[in-house]
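The two complexes that follow have chain A in common; it is paired with chain B in the first and with chain C in the second.
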Partner chain A sequence: MAWVQLIVFCAVLLAIVPLLGGYIARVFTYEARRPQTWKQYAVSLITFSVLSWLFLYLVLRARMPWDLSFNTTSSFVTNTNWQYYAGETTLTGFIQMVGLAVQNFVSAAVGLVVAIVLIRGIAGRPLGNFFEDLTRAVVRILLPISFVGALILASQGVVQSLDLPVASQEIIKVLGTNGGGFFNVNSAMPFENPNGLTNVLEMLAMLAIPASLTFTYGRMVGSARQGWTIFGVMFAIFLAGVVVVYLAELQATPAQQAAGLTGANLEGKELRFGTGGSALWTVVTTATSTGAVNAAFESLTGIGGLVPMVNLAFGESIFGGVGTGLYTMLLYVLLAVFIGGLMVGRTPEFLGKKLEGREIKLIVLALLVTPLAVLVTTSIAISTDYGQASIYAAGPQGFSESLYAYMSQANNNGSAFAGYTGVTFADLLGGLTMLIGRFAPIVLTLAVAGALATKRVAPAGLGTMRTDTPTFAGLITATVVIVGALTFLPALLLGPVVQGLTTQLF
Partner chain B sequence: MTAVATPPAAPPQRPAPMRPSRSVLLDALRKLDPRVQLRNPVMFVVEVGAVMTTVAAVVGGGDDPRWFTVTIAVWLWLTVVFANLAEALAEGRGRAQAASLRAMRKTTTARLRDGGEVAASDLTRGDIVLVAAGEVIPGDGTVIDGIASVDESAITGESAPVIRESGGDRSAVTGGTRVLSDLIVVEITQEPGKSFLDRMINLVEGAERRKTPNEIALNILLAGLTLVFLVVVVALKPFADFAGTDVSLTTLIALLVALIPTTIGALLSAIGIAGMDRLVRRNVLALSGRAVEASGDVDVLLLDKTGTITLGNRQASEFVPMPGVEEVALAEAAQLASLADETPEGRSIVVLAKRYGLRERELGTHAFVPFTAETRMSGIDHEGTRLRKGAGDAIIAFVEAEGGQAPHELRSVLGKIARDGGTPLAVARDAQVLGVIHLKDTVKDGMRARFEQLRAMGIRTIMVTGDNRLTAAKIAEEAGVDDFLAEATPERKLELIKEEQSHGRLVAMTGDGTNDAPALAQADVGVAMNTGTQAAREAGNMVDLDSNPTKLIEIVEVGKQLLITRGALTTFSIANDIAKYFAILPAIFVATYAAAGESEGPLAKLNVMDLGTPQSAIISAIVFNAIVIPLLVPIALRGVKYKAAGATALLRRNLLIYGLGGLIAPFVGIKLIDLVVHGLLGA
Partner chain C sequence: MKRTLISSIVAVLASTVLLGLVYPLAVTGIVQVIPTREVVLAEATHVGDARYFQPRPSQTDYSADATAFSNRGPNSSSAKYFYLEQIAAYRAMNDGAEPPMDAVTTSASGVDPDISHENAVIQARRIARVRSLPEAEVLALVGDDGHVNTTKLNEALDR
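Let's turn to the complex of A and B:
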């Protein structure tokens, strides 16, 4: 049954990609009334985000202390939706609606337009105007789909009233890869995700825009194959993750075995979704940077818990967040081009544009800022008393909680190994991590777009390395995996891998 | 454009010393100076690590046995020395040549035309000097008066003297070469200390080496990777502490050095120097590393037809008699008319006539009529008959003046030969047109295959010729070039380059004459012939000492090989890290989270290479990391094997060898070293 669900799910996804991808390409192919340079674009984007942040902070202060407000505001403005609070007790429906849901829309739109700017830069077109792009993203893409989606969810039993505006927030939570639940237990709560159908619809909504953007990219650079190559890479890694989690969760955990239980690990899972629906969701929500959960990650087996962390280690590039996934993947592609390009005997070029010192500097920085932030913040968190105060479990599980918290926040995912609790220190360190992990790569990506946009284009010949072949797809995959593995292998060993290799209880 | 004589088939390659001499070893030690290392962030980190472990070894303390710390320190120093050695070795190869060049720069005095003498080293641009037979030319310049044969063997290695004369395309002389005959007046064109010879010495020694754009970009990537691994290793300390595992400083440094891309970091500059050096061995001087790199990117090659694609001398290939004339009679008349003609065309007619059984013979009384621009024919007056050969209309005018009539078939034969890319020469005896000689420009052997290779590499070749369109099209087809520029003038050539560049293509060309200078300067890779003018030599960014225009193809290959070598070793270096993780991390965490009463924890299972002890595992990884540098030096110096092929095939091949190979090789290598370190030495 789980396999059938997986196949149907993939088939529907494949059907959505060209339709939605083509539509998004049309929405963003227009002449901006006031074209901006990458710097002007970045200034507009940052200004908009700062104002959003101030507004949300003041709204949340009505119900939250300053430190939690700082963390939650940073969390929703950065599309992370890390939650150190329980929505139903801490906030009112009204605050969720005017504060959080608004950011669910605009933070997704901000990520989306950055990807579009990078595509334009690669295609050598004018970069566009931030406010025009943002408006189009919200009005022509996110709002219409959310409207229809909310109605469908409500028809399946998701609550929608002025006191509990759940369906309206639920749909953008998944469509915008936000992930911040109306309720504390997120999509495991029947009011958010009542049945198998809504479970599948919400998963499709999470993947819809990130997956379709690969097609948008192919369309906008004038070669569908370029887009499908990237889709293929993402899809292959995604599928591998699903299979691993599913197979891992069919086993009992050491604690269950010690208690004489056999069969699948159903701890922390909703029986209405089962192992299949939970495993698929786990990978979808961590591959995309959504972070909504329908099962407790804390209760996953060692290897089952490894996969979400690996998705985070890949920098949310396997589909990833709305926009953020594509631009991160494109940065990996540029890195792969630089190394592979040399091996065909030419100075590296991507779609006719030479990659030189300036671009490489920006690309390397953009790709490394987030992992470095993770390593530094995790180190601080586990080696100080302030940081250790948040840890719930002992041993490798406790390490995983901390590592996961900062990986999730730096990558703007928002899911958690549930034991990790918010204290002032964790609020501030996490909030800072989210802001760095969001805006440093965005500004650097815009700079890459600016550098590429004005480059001379050399025509492709037989001697030019093609970036739409299976060989190159293999090179991209290897680049993503090796960069992720080299950065995070030691950390992963001490968390989920230790647990996966032993039957000891900690 | 000068017709260049057929060059020697294979230019003598200078031997390459591979064995490190004592001076190379000294050099490698001298480069340990941290100020030198600072230019290379990767190796600088290794050196800092070496210093820190040395201090740890001296001070002692910690849990590590002292022999372990000492061993790691020694191998870290060796890693730095190996890297220095690679660079010194690459530099050393150019040094021998520099020494012989330097010997030529002996202090000479120059004789000024206005009287007086001045030291050669004080000459500046605009000075005019006299150089007589037996004297050494004191500086680079242009012959403004006179003609002389000059021995340039010192710079070209070619022993035959060359002619240098004022005006025209052979006016450039190089300081340090020797005049063998006659007297020339030379206008100096160099500033003191910046002569061609000085530049050559600097180039072959690598003293003037600046990092090329691609090297800079690659260095940024390597520095970025080094930074990441630095943070990864520093973060490992608190991570390990949290897991209750103590990691020593020595182990952390060993892990860091194993992870950072030392292999490519150590070999990067050697690869660049060796690339220039491979060109020097082919007698090509690249005036900058940037030019060598650019030659790998070339999309379009402009090749002169004459001397490059064709042999350059038209040869008689066929006699076409007029109706009523025996072929043998035509051959005989053509032979007689050419006996006194010493041009290559004339000689080829005599050779072709031999096939009709006609031997060369002594002529009786005869008068040779030489070719002139007005008559456009030549011939012989012999035993009362007047034999003439020449351009079609000139011969028609000749027979009509003699009172004859040209047969109407003549024009169609002339037209057909021209269309076929040949040059027709009509032959007449008195008032009768006997027929036509078909002169053909022969395409050099093997050119078609060369162009096919270039096409596979994605490079388009354009033939440049002064011929008319018809002739050019025919030869272009025969040679298999992709395109041609007929009736070429220097201006049209320049336009063509700009046109190609406006489409984003990189253009390479060769040239020798002064009128080539603008095109040479405009081209991305401009190879000037050493026989050419000073203007051409200054406009180009490479000089070919053999003056062999075909060499452009080799230059492109060297450029590509240079870039591939860089990419391949970078890939290899990064792919190595996976195995090093599998050696060192299980060694560090062998006892972490071990169950009560057991010495090994769960992570010990990751010791997939089954290395003996934690210490031997770490030492083996570091030793592998160090010795892989000298093992790869030959590849860095010679370049990876390059076969002309499409980009996708090349990528697949190199990914397989250096990517997959780089993944697997260290697993094998580290295991083998561990067998020695643990098995034999008992570590």
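Let's turn to the complex of A and C:
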């Protein structure tokens, strides 16, 4: 039954990709009235984000202390939606509506336009104008889909009133890969996600734009195969994750077994979704950088909790966030081209453009800044009393909570092992991590786009490495897995892997 | 630079008006006039009363106003003791029947109204006995679906 659902789900996703991907390509194929250089584009993006930050901070201060406001503001401006607060008790419906939901739209739009700029750079086109792109992203893509989606969700029972404007926020929460729940238990709450149909629609909304952008990319560089190659890589890793979580969650946890229980682990899950609907959601929400949950991640089995962390370790490139996923994956692709070039002893070329020292340095920096932020902040958090104050669970689970918190915030995902609690130290360190994990890669990606845009295109020759073949897809996959594994394997072994292997209780 | 600053201010204000007010209010308005399905949550009203179907354990006493996960980890020893207590309570209420997993684990939302079919059948036998009803009559309410809604079942029992 769950397998049939999975096949249908994937078929619908495959139908969406060319339709929406083609539409997005059309929206962003136009001549900007005020073309910008990459630096001007970056300055506009940062200025807009800083002002958004200040505005939201002031709005949230109405109900939050300064440290929690800092964390929450950083969280929503960076498209993370990490939540150290409980929506329904800390905030009012009005504040969620005019504060958080607005950032759900525009932070997604910011991620989207950065991906578009990188595509334009690769295609050798003018980079465009930030404000014109931002307007198109909101008005032509996010808002119309959200409007229809909100009404569909509401018709299925998702609440929408002046006190509880949930449906209008729920749809952009998933479509914009934001993830911040109106309610503390997020999409597990029947008012956010009442039945199996809404569960499927919300999962499709999370994947819709990140998956479709691979097609947009193929269309805009003039080769559909380039886009499908990247989609194939993402899809394969995604499916592997789904299978592992599903099989893991069909087992009882060690604590349940010790109490004499058998069967699927249902702690922190909703019966209307079951093991299948919860497992699929868990992978969708962490492969995309959404972070909305319909089950409690802290209560997953060890291996079930490992998969979300692996998705985070891959830098949110397996579909990833709106825009952020594609540009991160494209950076991996460029790195794979460089590695492939070294292996065959030729100057690495991508779509006719030579990759040189400057680009490679920028790419490596962009891909390493987030893992570096994760490892440094996690080390600080687990080795100090300030950091340990946030830990809830005993044993390796306490370490998993800390690692997950900083992986999730640095990669702008927002899901959590929710026992980990916010104190001033965690608010500040986490807020800072989100800002670094968001804006450092964005500026570096724009710089890569700027460097590529002006390069001359050399015609493909006999020695040119093809980048639209299954062999190259294998090389991309290996690059993503090796970079992620080399960076995070030791940390993952100490947390979820230990828990997946032992029956000991702590 | 000045132009960038002005454009940014305009963008922040315009998006707040359009996305923070016009859009959600328009959705709210339309929702008033389109058909919407009713969502039923688990209720605390009959918890502990053997004459009614019992929903799954809740971390928050079935509160819809302040939801929270239990965050019980897979290797938590306190979780084991929680399960042992739940198992003992279930057996005591249901004539020594072994509880299915859903009956002793907390739901994610704390207001999950559904229980597994297996759980519902065990409880239907108890309810028939306590209320002196024919077992078949209560089992007919449960039906054949994989999971059933306790709030709706309890409403049916009261009719």
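Operating definition for what follows: the second predicted complex is superposed on the first by the 504 of 506 C-alpha atoms of A that agree within 3 Å, B and C clash if a C-alpha of one lies under 4 Å from a C-alpha of the other, contacts with A are read in each partner's own complex, and residues count from 1 in each chain.
Everything that follows uses one rule, which is that a residue touches a chain if its C-beta (ideal position, glycine included) is under 8 Å from a C-beta of that chain, and two chains touch if they have at least 3 such contacts.
Because the structure is a prediction, the values reported are computed rather than measured.
K.L.:
Can you tell me whether chain B or chain C touches more residues on chain A?
P.N.:
The partner with more contacted residues on chain A is C.
K.L.:
Using the superposition on chain A described above, determine whether A:396 touches chain B (first), chain C (second), both, or neither.
P.N.:
Both partners, chain B and chain C.
K.L.:
Considering only touches as defined above, state whether A:419 meets chain B (first), chain C (second), both or neither.
P.N.:
Second partner only, chain C.
K.L.:
Can A:11 be said to touch chain B (first), chain C (second), both, or neither?
P.N.:
neither
K.L.:
According to the stated criteria, A:504 is in contact with first (chain B), second (chain C), both, or neither; which is it?
P.N.:
In the superposition, A:504 contacts both chain B and chain C.
K.L.:
With the two structures laid over each other on chain A, which partner does A:19 touch: chain B (first), chain C (second), both, or neither?
P.N.:
In the superposed model, A:19 contacts neither chain B nor chain C.
K.L.:
Once the shared chain is lined up, is A:346 touching chain B (first), chain C (second), both, or neither of them?
P.N.:
First partner only.
K.L.:
Under the stated touch criterion, which partner chain does A:62 make contact with: chain B (first), chain C (second), both, or neither?
P.N.:
neither
K.L.:
Could you tell me if A:89 is touching chain B, chain C, both of them or neither one (first, second, both, neither)?
P.N.:
A:89: touches chain C, not chain B.
K.L.:
Should A:154 be classified as contacting the first partner (chain B), the second (chain C), both, or neither?
P.N.:
second
K.L.:
Taking the stated contact definition, name every residue in chain A that is touched by chain B in one complex and by chain C in the other, in rising order.
P.N.:
Comparing the two interfaces on chain A, one with chain B and one with chain C, the shared residues are 395-396, 502, 504, 506.
K.L.:
Show which residues of chain B lie in contact with chain A when the two form their complex.
P.N.:
Residues in contact with chain A: 213-214, 216-218, 220-221, 224, 227-229, 231-232, 234-243, 259, 293, 296-297, 299, 455-460, 503-506, 559-561, 563-564, 566-568, 570-571, 574-575, 577-578, 581, 585, 589, 592-593, 595, 601-603, 605-606, 642, 646-648, 650-652, 654-655, 658-659.
K.L.:
Quick check: in the complex, which residue numbers of chain C touch chain A?
P.N.:
Counting only chain C, the residues touching chain A are 1, 4-5, 7-9, 11-12, 15-16, 18-21, 23-24, 26-28, 30-31, 34-41, 56, 64-77, 79-80, 83-84, 87, 99-102, 104-116, 146-147.
K.L.:
Could you pull out which chain A residues touch chain C in their complex?
P.N.:
40, 43-44, 47-48, 50-52, 55, 86, 88-89, 97-99, 101-102, 105-106, 131, 134-135, 138, 143, 146-147, 150-151, 154-162, 165, 167-169, 183-185, 188-191, 194-195, 252-256, 258-272, 274, 293-296, 298-302, 305, 392-397, 417-419, 499, 502-506
K.L.:
What part of chain A is in contact with chain B in the complex they form?
P.N.:
Residue list for chain A touching chain B: 335, 338-348, 352, 355-357, 359-361, 364-365, 368, 371-372, 375-376, 378-379, 382-383, 395-396, 398-399, 456-459, 461-466, 469, 471-472, 474-475, 478, 482, 485-487, 489-491, 493-494, 497-498, 501-502, 504, 506.
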